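Have a look at the structure below, then the notes.
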Amino acid sequence: MQPLIEYEHSQGLVREVFDDIRATRQTNEINNFWKAIANHPPTLQRTWATLKDVMGSPGELDPLVRELIYIAVSVTNGCDYCIASHQAAAISKGMTQGMFGELLSVVAAANMTNRLANGYQVPVDDKFKQPTVIAK
Amino acid sequence: MQPLIEYEHSQGLVREVFDDIRATRQTNEINNFWKAIANHPPTLQRTWATLKDVMGSPGELDPLVRELIYIAVSVTNGCDYCIASHQAAAISKGMTQGMFGELLSVVAAANMTNRLANGYQVPVDDKFKQPTVIAK
Amino acid sequence: MQPLIEYEHSQGLVREVFDDIRATRQTNEINNFWKAIANHPPTLQRTWATLKDVMGSPGELDPLVRELIYIAVSVTNGCDYCIASHQAAAISKGMTQGMFGELLSVVAAANMTNRLANGYQVPVDDKFKQPTVIAK
Amino acid sequence: MQPLIEYEHSQGLVREVFDDIRATRQTNEINNFWKAIANHPPTLQRTWATLKDVMGSPGELDPLVRELIYIAVSVTNGCDYCIASHQAAAISKGMTQGMFGELLSVVAAANMTNRLANGYQVPVDDKFKQPTVIAK
Amino acid sequence: MQPLIEYEHSQGLVREVFDDIRATRQTNEINNFWKAIANHPPTLQRTWATLKDVMGSPGELDPLVRELIYIAVSVTNGCDYCIASHQAAAISKGMTQGMFGELLSVVAAANMTNRLANGYQVPVDDKFKQPTVIAK
Amino acid sequence: MQPLIEYEHSQGLVREVFDDIRATRQTNEINNFWKAIANHPPTLQRTWATLKDVMGSPGELDPLVRELIYIAVSVTNGCDYCIASHQAAAISKGMTQGMFGELLSVVAAANMTNRLANGYQVPVDDKFKQPTVIAK
């Protein structure tokens, strides 16, 4: 475990990113994740820029849906920290108990069927092989 | 690889499930996945019942969002068959090119941050440890 | 992709291991896996010694059960080569179609429940935390 | 973390499933896993029905072998809860210390060789590509 | 599968990134990976900026070591594309056959011992729990 | 959890391996990992022999680079024990804070791009398909 970098002890690039996290999230609290990766400032800067953009920029998927997708990945990978922190984020964006239950039921089913497809070595149907034209 | 069970050669329980797949999806085509797992009829029956319910029953997450979650898991696990078939399913339910791009950007970011949380062995913040009360 | 080392071109340590594989398996055929890892002779030697011992030495689990366990891992990891080659090995040791179906149904269920346990962050029951005394 | 639903506070569908778990397992204790997923009753019902069938129905693999397969998956995925609870289940079904040791040695070896097959990008042998006829 | 965006048909942000890839790598060839993710320009831009920095910026790990680490992850995850393309990149930076063999032997051993640690539920030694002071 | 086998209670094959660990590492301390897998002596013997050889034998990758590769795998798999113990090992072999930060940034980036390659189902470039000739 690396020591956590507290806001009070931060400086330079780390302080700048911490200030942007505070401003963006409108809270003085900074989660342990950011305090930990602040041990390597370029990782802090790059990761925050990526998450701020990927989770929060305007787009076609609303912020709650993005949180659900994030949780689906974290549950599949078994990342306890990420499950706990993004479950909280999803709740703050409107996730209800029913949504959470449905989310996990899809995650569970997909993990199950992924392995059935592997185990039966199912060949991809021809119709799924062509380049996909998706509406813009 | 197990032989695929074609509709024409199906009987008994397998035929029943195949008929329900056809009726539910309103097409005569049956994907290779179902033809493959039909080699073990109880698996076919159980898996179809689960997917029909999890992906299609009324609920708080709309069907397209469920497909996005399904793809997020399959991409994380690297299941080629599941990515190809559910990408097609998602498109049929309205996924646009922009949504697909945003979906994968969240999946990529979550897989990245999951490992940063692992690698820095980030301790879970106290505020995330309490039992969660989610609005019904 | 690394070039496959054919028996005819093998020499030294690689030839010795190849001869032991032939003698142990009572066939002149050597699977591509061994021909590939022969590019690094110590890996070939170590891996063959491990597999020969783990999969074939006398013990309390019969050889077919060990193959089923091996397939369970390979299906979970999505290793196509390993699934294909060990499915063949399991069949040669007596795996029936019913056993294969049951095997995959357990693998699928475990992958599903593993993620439910992750997602609901289920605390380990106290009774499961004590050091386990297992009968010898 | 979601609150655990205790038997005493359960009702309706959850109570029905809890009663079936108690009757099937012949104990009043209900593991935390079931108390946690009871937060989403359809998931509780579906998961219990699946596990009861997959792990306990008559078939060609005896119940202990199914537990070993279950553990193999859980160890590969790193699911602490599932490893702890199913290790206990396997012991209750007759797993000895020797069996557990052999189980983990196969799991370890398979995880090792899965990555060698990936890393050397081993092409699947032609003989493994044909549809497999398995004795019924 | 999404259509690949060829350089000749690229424009705007995609063209800019493609030009930077060409200039940085001193070749006119652009790998399929970039042509594919160009379907979502912000992902192309962000991913290229990240990889350019992480794999190529001055630092304490030389570029070849970074490639070896990259391959270790890709082999563990079973990403065929990434294994193939970064094996080529590592060779261009000086990876010998012996290094590749040693790399895969470490990856294989780590995947094996990771599961032994999981399966035996090994408690972390006290000495590994303290915050780590690493020399700068 | 299995009981840990302390050096004082070890005998026979286990004692022999423990003595070799002590001699090789020049310390009387034996990590919990070895005490745990000592519950199955053949696993202890085989695993120690493999790790001693893979991590410590003369070769083209220096011992620190091997530790970095080992950590990359363990972080990707989320093995807390292995991350903690090999982070300590890497530090003892000279890993600086900067190296650790760069290591995790590559691990994070590779986990991200692995999923982009999966999600976009990127076809392998022809130039990466030929058997690879690597300088000896």
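Letters A, B, C, D, E and F mark the chains in the order given here, with residues in each chain numbered from 1 onward.
Basically, a residue touches a chain if its C-beta (ideal position, glycine included) is under 8 Å from a C-beta of that chain, and two chains touch if they have at least 3 such contacts.
Source: prediction; values computed, not measured.
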**OP:** Consider the two chain pairs B-E and B-D; indicate the one with the greater count of contacting C-beta pairs.
**Re:** B-D
Original post:
Which chain maximises the distance between its CA centroid and that of subunit D?
Top reply: E
Original post:
Where the centres are mean C-alpha positions, what is the separation of subunit D from subunit E, in Å?
Top reply: 34
Original post:
Approximately how many whole Å separate the CA-defined centres of subunit A and subunit E?
Top reply: 20
Subject >> Multi-chain contact residues (two or more partners), subunit D >> reply: 1-2, 39, 42-43, 46-47, 50, 54, 76-80, 84, 97-98, 100, 102-105, 107-109, 111-114, 116, 118, 120-121, 129, 132, 134
Original post:
For the complex, which residues does subunit A have touching subunit D?
Top reply: 78, 84, 97-98, 100-102, 104-105, 108
Subject >> Sites on subunit E touched by subunit D in the complex >> reply: 71, 75-76, 78, 80, 83-84, 103-104, 107-109, 111-116, 118-121
Original post:
Quick one: in the complex, what on subunit B touches subunit C?
Top reply: 1-2, 39-40, 42-43, 46-47, 77-79
**OP:** Sort out for me which residues of subunit D touch subunit C in the complex.
**Re:** 1-2, 4, 29, 31-33, 36-37, 39, 43, 47, 50-51, 54-55, 59-61, 65-66, 68-70, 72-74, 76-77, 79-82, 84-85, 87-88, 91, 95-100, 102-103, 105-114, 116-118, 120-125, 127-129, 132, 134-136
**OP:** Give every residue of subunit C touching subunit F within the complex, in rising order.
**Re:** 1-3, 42, 46, 50, 53-54, 57, 129-134
